[in-house]
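The same chain A turns up in both complexes below, where it pairs with chain B and then with chain C.
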Partner chain A sequence: MDFELIIGFAGLVFLAMVPYIFAGLGTMLAGQTGLFIVAQEGIMLTGASIGFLGAYWTDNLFVGVLTAIVAGGLFGLAFAFFTTTLNMNQFVTGLALFFVGLALSTLIFKLAIGVTLTPPLVPTLDKLPIPLLSQIPVVGDILFNQNIFVYLSLLLSGALYYFLYRTSYGLELRSIGENPKAADSLGINVKRGRYFAAIGGAMLISMAGVFLPLVYTGTFTEGITQGRGWLAIALTFFGGWRPHTIFIGALFFAAVDVFALRAQVFGGGIPHQFLLTMPYIATLLIMVFGSRWVRVPTFLGQNYDREKRSV
Partner chain B sequence: MSETALTSSKPKNSLLSQALPYILAVLAAFLATGIFLWLAGFDVLRAYQTILFTSLSSRNGFIQTLLKFVPLVLTALAFTIPSKANKFNIGSEGQLLLGATGAVAVGILFADLPSIILIPLCLLAGIICGGFWALVPAWLLYRFGINEILSTVLMNFISFQVIDYVATEIWRDPLAGHPTTIAIGENAELPLLVSSPPLHSGIIIVLIVAALVYFYTDYTSAGYELVATGSNAKAAKVYGINTRVLFVLALVLGGAMGGLAGAIEVTGNHHRLIEGMQSNFLPLGIIIGLLSRGNHAAIPFVAFFIAVLEVGASALQRTMFIPVELVFIVEALILIFVLLSDFVRRK
Partner chain C sequence: MPKDIVLEMQNVSKRFGSVIALDDVNLSIQKGEVHGLLGGNGAGKTTLMNVLYGLYQSDAGQVRLGGEPISVHSPKDAINSGIGMVHQRFLQINRFTVTENIVLGTDLQNWPRLNLDTAKEKINELGERFGLPVDPDAILSDLPMGVRQRVEILKALYRGVQVLVLDEPTTNLTPQEVDALFESLRVMVDDGLSVIFITHKLREVLEVCDRITVLRHGKNVLTMEREDASEEAFVTAMVGSDLDVESSIIFSSEQLEKTIGDVGQDTILEVADLTVGEGELVGVKSCSLTLHAGEILGVAGVSGNGQLELIEGILGLRPVHGSVLMQGTDVSTLETHEILKNSVAYVPEDRWQDGFLPTANVAQNLILGLHRQAPYSDGRLLQRHTILDRSNQLIEEFNIKTPGAQDTAGNLSGGNIQRVMLARAFSLPVDLLLIHNPTRGLDIPSMEFVYKKILERKQEGMATLLISENLDELFLLSNRIMVLCNGEQMGELQRGSYDKYAVGRMMSGVRQSE
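On to the complex of A and B.
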């Protein structure tokens, strides 16, 4: 492999990383307060569908992203309401919302667009080279000659890390996931924290979805996420529910993604189907090796009922 | 995962008070969807008529419903058997596809065998392949403690590529425009109960299997070990139940159900492997399993109800151009409202 190729590969990895970062950070944010969402795939699909339609109708990608964020927020609100206020099982609620998202994304798209021979398209997002920085050899090309989503995902990783680990609000939020009863006794509003984290997290997950039509394909297709929502859950697990390790994990997932696609071109006689299973097999392997050192929020997946004697 | 186990049995009340939350949930789901349809400018009453009565008002519709019913019962069992032990199999899709692959392989390779040997062989191949596909996550759980929810889901995505390879490289049907294998031998086809419109005998197999599973989980000590492990794994362990092995067994049994669903779809329905034949049986199976709350006597009835809705959904798309996904949303809403009724009951 020559040098140009490696730079190109690295650039693509940083692009492919974006949906993993957003979905992983969203899952993590909710998880830090003890909420375990499994509806990622459904939320991402709805974000992709509704976000695409928003962009298509207004000819404005920014509006598309905003509609996706609103749609994601509604999912987060529903999840928080069912699990926190109504005390319903988190896993089952997540599954139900996954189904709703799965169906809603296709239904709305079909009703809005109808049956067409040519798919509706939006122009995909352009690169936005950062002046000066993009002139730096090698690093500039990889990091600073990307689209705005890439910069946003990098900023967000840093911002969330700062918020969760360097501010008192972040500490309060994390304490809800570690021990809601203790947090409650210290006067932290457990319900409010969980609503905030669920809505914010689902918004991020939905942004991961809208990235796909607006940057990759230019249109929405059924199953556009290809299991990335589920991979994001695995990523969050072995990323230890921390922003910085999730960032590293997302880079790895993206590298496998890009490598699987590239390897199809260079072939070597391996059937492409086997290459396309690589992200999933790699994830299974990582879960095997990562399970030794992951640190999961203690109350992940458990509801908190303050009227109960023992939690 | 939470203090309310999914499979917990409710105190026995009168039949009506047990059925009431379900009736209310169905009504609420239809009401919510009706408002959406009305806003979208459709004829709501005609749509509901189509959804509810298509399968019961014609011979063809009724047989379509029974054909849908067969895989739905099995994918529901694929979810509920492990859920008895508090393990969650979200991989019935992959298990169905691998079961279908196994059945197709046997049906093509041994096409000359007489039916009496070949059909059981095909079904067995499906069961083994489906069971194997669940054994992978089960072993990962046993050996490394890997969460089975994620690993079963990931196996689905691997299975999509496996059947794509089988349908485009190994036994590709060159005449089909869509990835499809060549047909299995005629001797491998399940005998028909009704010839026109065709209804295969898979429905008998399914009813027997469903009855056996009900007997196993509710009336045998081995089944009770499963339920005991599900409600309190620690206590079960103290009593000398090898819970880790039981988790493996429960998941593999569930996978076998998914595999059997695939094998019956191949030998009875399609007679070949078709990409996309898994349809939405995975989510529907989970919905059926959750609606029946792990009560194996209820599963065939809930599955039949969902099959009615599904046949209505395709009629809706044909006659009124309302996408089939609408009915799927109705089904997901029924699930949510039934879960909500738990909350109302607790208050």
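On to the complex of A and C.
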């Protein structure tokens, strides 16, 4: 394998990492307040479908991203409403929203575009080399000659880390996921925190979805996410529910992703189906052996009802 | 000279569904006093305070602070009005540091990054002033209960409260820690704060409070100055006509001493060098004990120091090293259901979790665990008529308040659930009783009932391992008391030489000097 190929591989890994980071960060953000979203696949699909249409009709990728964010926010709002206000089971709600998203993505696309011989296309997002930095040999090519989504995902990891661990708002938000009753007793608004995190989280997840048509394919196809939404849940556990480690996890998942794709093209003896199971196996191993690393929020998946009397 | 009234709660009522938790309750708190709120379980003490703190909304009534009516809809309102509360189960975040727990929800400097230095200084200063030292950087889960409670109190003081509510603050504290807490409370009221001290322990109230209000069944019974009232007056107020105080074993002890002193010769249980758990998860280390017929061995210790592991190790619920001899036979390798066949009964600490099926009916709960044995089973099928007849007998004998044996068990109150537990334990002949915190959450008449039933069987020769966090209970019933700390035996005291400070030292890990 020559040098060029390795640089190319590394560059692709950073690109493939983007949806994992967005979806993982979104899952993590909601999780830090104790909300366990499992509708990632559905939210991403809807984000991809609606975001693509937004971009297609306006000829503007930025508008596409915005529409996806709005769609994701609505999913987050629905999730927060059902679980926080109506106190419904989070897992069941998440599964229901997954199916809604799955169906909605295809339905809206079919209604808007109909059945066509040639797929509707938008020009995929170009690379945006950063002046000077992209001139650095090797590193410049891998890190600074990417499209804007890559930079954004890196910035976002840092920003979320700062927000959650270096501000009092982050402290309050995390306290909701660790012990909502304690947070409530100190005057922290548990419902508001959960609504905020669910909406913000779902927006990020939806952005992970819209990345796929706008950067990879240039069009929306059914099931375009290919299970990345489910992988995002595994990734969040793998990444120990913290922004900086989710970044590392996303790199690993993306590497496996790219490698599996390459192995499919070039052969190499290893069945690519086997490679595709690697992230799941790695997650299981992390869960078994890395219990100190994985700091699942204590109240993850549990609703909070103030007047419920504990017996 | 009447002092200023700081806080008044007037005609407060609250119902949960069809249950009336508070019925027209009044409470007034003076500036600079420790006000005891006394009552048995279910008397409404905690509900009243949750209303004050905005965790529950009252159905009627009002709260006045400094003469002005205030409306408290959330804990935030309460805190802003100057009311702080330390809950019985600490509302803390185990993974956060002491400082993070204390400052949570207050205004903080955020730019360029969260700055907690001034907060730490303030915490240290408050700790010094009120005798509540803490390490601001320690992680909560690493701290012992006594320190965690200081953190809870500091949390309120940090917010500059005028009225501090302490809900059952002495649970899980050693006697030394209780004394330190009482001293801090004195400093606080001398400083002008008012403290509401919720408890069901009469002796504590008499020790620390200036005035005392007694609640029963969600109603006011009386409010009195400490000096004006005798112990009996408060007991009568607390229990009402439900209990004849004169003949109660809790309050009169001559007859009791005779009953307790009477111990048989036969060895029922012999545990030698018992270790429960492995590696980092060792719960009990090399524990040895002997229990004779008719003997009650008390086990003291702060909750979570190996009590549960000891009892579950003996019962075969956890893997053990060492030997457990029951009437001469080693049972340490047997399955739990085989051990239970040897006339062994277990009343677990956590009734809801470990001993009870809320959706099953009362009769089913009464035979749970014995359902494989005669007469309840013929080896293949359950004997329905025998079970119902026997259940009705037990309901009568143990005075379980239920519409019938076939009613859903989850409808029972806490005291009645414990009666079901006891009825089950005593429904077949018992040689050995393992009982854990038998009266936690029970009111005084129910406690009395539990004690009487245990003593009845003891006189028939039953050996009892009584594990409890309530020292009064252990002192009352035990022939001997052994103390556990971190799963190790710290020492043993004989009846007659009980001393709560000696037990307290051992509970905090100081070995008994020979």
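Here is the rule we use: the second predicted complex is superposed on the first by the 284 of 311 C-alpha atoms of A that agree within 3 Å, B and C clash if a C-alpha of one lies under 4 Å from a C-alpha of the other, contacts with A are read in each partner's own complex, and residues count from 1 in each chain.
The rule is short, and it goes like this: a residue touches a chain if its C-beta (ideal position, glycine included) is under 8 Å from a C-beta of that chain, and two chains touch if they have at least 3 such contacts.
All values derive from a computational prediction rather than experimental measurement.
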Partner chain(s) touched by A:L5 [first = chain B, second = chain C, both, neither]: neither
Contacts of A:S175 with chain B and chain C, given as first, second, both or neither: second
Contacts of A:R306 with chain B and chain C, given as first, second, both or neither: second
Chain B versus chain C as contact partner of A:S185, first or second or both or neither: second
Comparison of chain B and chain C by chain A residues contacted: B
Chain B versus chain C as contact partner of A:L155, first or second or both or neither: neither
Which superposed partner A:T167 touches (first chain B, second chain C, both, neither): second
Partner chain A, residues of chain B touching it in the complex: 1-4, 6, 40, 88, 90, 140, 144-147, 149-151, 153-158, 161-162, 164-165, 168-169, 283, 286-287, 290, 323, 325-326, 328-329, 331-333, 335-336, 339-340, 342-343, 346
Residue numbers on chain C that touch chain A, as the complex places them: 16, 53, 55-57, 74-76, 79-80, 85, 87, 91-96, 100-101, 103-105, 107-108, 110, 113-114, 155, 352, 414
Touch list for chain A against partner chain C, complex: 162, 166-172, 175, 178-179, 181-189, 295, 298, 306-307, 309, 311
Residues of chain A that touch chain B when the two form their complex: 36, 38, 82, 86-93, 95-96, 98-100, 102-104, 106-107, 110-111, 226-227, 230-231, 233-234, 237, 271, 273-274, 276-277, 280-281, 283-284, 287-288, 291, 301-303, 305, 308
